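Have a look at the structure that comes next, please.
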Amino acid sequence: MLGSIAIYIAKRLITLFFILLVLSIIIFFMIYMLPGDPAVLLAGPEATQAEIQMVRERLGLDKPLLEQYLIFIRKILSGNLGESIITGYPISKLIYERFQNTLKLAVFSLFISSILGIFAGVTAAINRNKFLDQIVMVLSLTGVSMPVFLLAIILIQIFSVWFKIFPATSVGTALEFRHIILPALTLGLIGAAPIARITRTSMIESLSQDYITTAKSFGFHKRIIIYKYALRNALIPVVTVMGLIFGYNLAGAVITETIFAYPGLGRLIVDSIFSRDYPVIQIGLLFITSTFVIVNIIVDILYSLINPKIR
Amino acid sequence: MIEGLLTKKFGSGALYTWRKIKRNRNIKVGFIFLGIFLIISLFPWAFSVYDPYKGDLKESFSPPSFEHPFGTDYLGRDLLSRVLWGARTSLIIAMLGVLLASTLGTLIGTISGYYKGKLDYIIMRVVDVMLAFPDFLLALFIIAVTGPGLWNVILAIAFYNFPQFVRISRGSTLAIREMDYVEAAKALGEKDFSIIFKYILPNSLSPVIVHFTLRLGASILTAAGLSFLGLGVQPPTPDWGLMLNEALTYLSFAPYMWVFPGIFLIMTVIGLNLTGDGLNDVLNPRVRE
Amino acid sequence: MNKEILSIKNLKIGYETESGLLIAVNSVNLNVYSGETLAIIGESGSGKSTLALSILRLLPSNAKIISGSIEYSGVDLLSLTDEEMRKIRGNKIAYIPQEPSTALNPSFTVYTFLKDVVYSHRFIEKKELKKYLIDVLKKVRIPNPEKFLNSYPFELSGGMKQRILIAASLLNNPNLLIADEPTSALDVSVQAQILALISSLKKEFNMSIIFITHNLSVAAQIADRIAIMYAGKVLEIGDINEIYENPAHPYTQGLLSSVPRLQRTKRLRSIPGFIPNLTNPPSGCIFHPRCPYIKEKCKKFEPKKYNLSNNHEVYCWLYGE
């Protein structure tokens, strides 16, 4: 039985490697999909002829495509990610700083989503088809249908304009805890909706199992039956969804970060699209997508580890 | 009347499905929201006399009143007509984008699933890579390459929905091609082309239809998101995402600038999601415990 | 004369289904006396499981207790609050489920489960608890109880799981044990062991047992009295030997003669017909459509109880008027 798990993991890792490979090729090619001379694009709008020529040589832009690609890969793997053509700041440092912020945001939002979502889902399941269940279902439908920026605006209206508790942006100041609350709340509320849904479905299924009736027949307390016996088994698919949401937050908190001017990776990419900072766009997209793919594969593997033991 | 037509063209199975659709509560409620959306997006001029592009600066930032039921924005444009015409923008983008994705995607997915072999393998690898991107980032990537603008947004929407339709239709095709009546048709010498069109496509439609409806909702959100960031539809075209962006700047004293587009946006998506869920219940029933 | 430990009076239970209200238990009267084993015999659909589950109020949500009472030590169980009922389950009255393979939660060890069974009703120190558990496990003849406590259900065989459930039911010294077809899911050799185990435990723990089964020979090995159920009604009830030697009800006679025996040379006999539709049961005697001795009266009037002896009752118009 252990062998089949190892094979599955190996397969997933191969897929991972393959996807990362194709990803790097596509991103590498991005420059060529744009109109204009790649050297000019990569050197920046302020570059002189000499600088453009330097870029051309350094990246080997007059060499055949395959060689260029290999140079690209070698540079990345050796940690030299280039500099921003707008600010000149080394990209690796840029990503390192920004990613930390995005990570903090992703973890905090996941925490909020999970607590809210699991609690709502359990409540809905034990009050199935009654009033509380309907409310939870409506709320989670709203959460799934609501655009991130709308929720952000609503929260800003409530907490920054009406109640003046939390700041709407962190522009111009060092990043403190209060700057992370509104963005985390935004992502957290939105993420709670799918978690609530799957917790509910999973709990309903778990509660209908024979071992719950057995627990009841031996006189277990209701709280123990629900939160120990039913929830434990119900959480398995929920944890998978949590992992997926985490990956999504890491990669896609683009809009949230932009609204709140939060110094994260997503906002970095958007800013660089506007300023046509191609090296940053390339590396940024590559990094973000790789992270997303890696997290997904880890979730896959973890799920396969938890699952066969039960089935 | 509709029932007679359905039975004549598609047989009694279609009638049964139609009846189930009529009874499903999700679809009924969803359709109400959708109906509103469709009406205002198809006939915006019926509800407002103002030109959504022309603004009267003297009237800017006026709260909702009799002349301007939704108020006016920072350029003095009537918000009601901007919301109505914004519906049309979303409709065009989402419809065209998802239609493109679903037609191409279903076609390729069906062919891939029918013929299998090397072609199938390659297509599935490409699809896997596309699916490896988080939704929004794929659209963002397209925009990064093509630049902003209405048609580029449609392209981005089509692009990021495409792989899912390939996968779904391929799955259905794989299942259906094993069915007896397909084997029979093959044995009778029917051509591949006609088999695909007569047997496989019609029967793989249900999951595609459900997915189509659900993706419309997600696509409207993505398009609005891109416009919100300034990377989608460009001003002065009326678009809900754009309007929310503009509203953000004037949040503290003109909340009506975001409330109305926000309400319509979320109602439309809820309508689509409800309808999609309802269709899913009807067309793909799961066995209840 | 032993006193009654459980007294079921006029119990009527129905299930709400799409085709209407299905009467699963139809005005049943039944007593269980202290220290005895009562076997309830019936085919599938006779209502015996519903009856068993209703004693501890474990019925699913679409079941309705329409009328009647279930008295335990003078208290009507149907009138108790949820919390009062909880204190009785697994404590004064214990239930052993039918299907051991799905009854245990796969995520928890045997130890966790048994510990929860005890702690739901009383408190014992951890060390004493462990000793006690090992003791009880030994009593149900589980080899190597120490290692066993740390096992997960998926590591155990059906027979082992059933023993765990039996052990769990004994942990709090119940007065009444309800065993719902405890051997149906096991093979014959294991069956014999479990039956012997239950018999010896009964004496040791001084309990009364309600034993649900469809198998006459299993009942013969273990019961003092039996009750024959059919389509929700009790047709005959009394001392097991009396009934086996002199089955009174035509249905019972049919049951006994359809048991295959090794020396039989004639063809197997079965009772012609099918169980009636329980959403629309037949009028009069519920068995009349299949009865070989049917009279006009049977179609119109429900038979009253007739005492054949002081430990043998039957509900049939063949007896008494």
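When the chains are written out, they are named A, B and C in that same order, and each has its own residue count from 1.
Heads up, the rule we're going with is that a residue touches a chain if its C-beta (ideal position, glycine included) is under 8 Å from a C-beta of that chain, and two chains touch if they have at least 3 such contacts.
For clarity, every value in this text was computed on a predicted model and none was experimentally measured.
Take chain A out of the picture and the remaining chains divide, by touching, into B | C. Comparing the chain pairs A-B and A-C, the larger number of C-beta pairs in contact belongs to A-B. In whole angstrom, the spacing between the mean C-alpha positions of chain A and chain C is 55.
If you average the Cα atoms of chain A and of chain B, the two centres end up 24 Å apart.
Remark: chain C residues 56, 58, 82, 86-91, 94-95, 97, 99, 102-108, 116-117, 120-121, 154, 165, 168-169 touch chain A in the complex.
Looking at the complex, you find that chain A touches chain C at residues 209-211, 213-222, 224, 228-229, 232-233, 309-310. Within the complex, the chain A residues that touch chain B are 15, 18-19, 22-23, 26, 30, 33-34, 141-142, 144-150, 153-154, 156-157, 161, 205, 208, 247-248, 251-252, 254-255, 258-259, 269-270, 273-274, 281, 285, 288-289, 292-293, 296. Interface residues of chain B, counted against chain A in their complex, comprise 125, 128-129, 132-137, 140-141, 143-145, 217, 221, 224-225, 228-231, 241, 244-245, 247-248, 251-252, 255, 258, 262, 265-266, 269-270, 272-274, 289.
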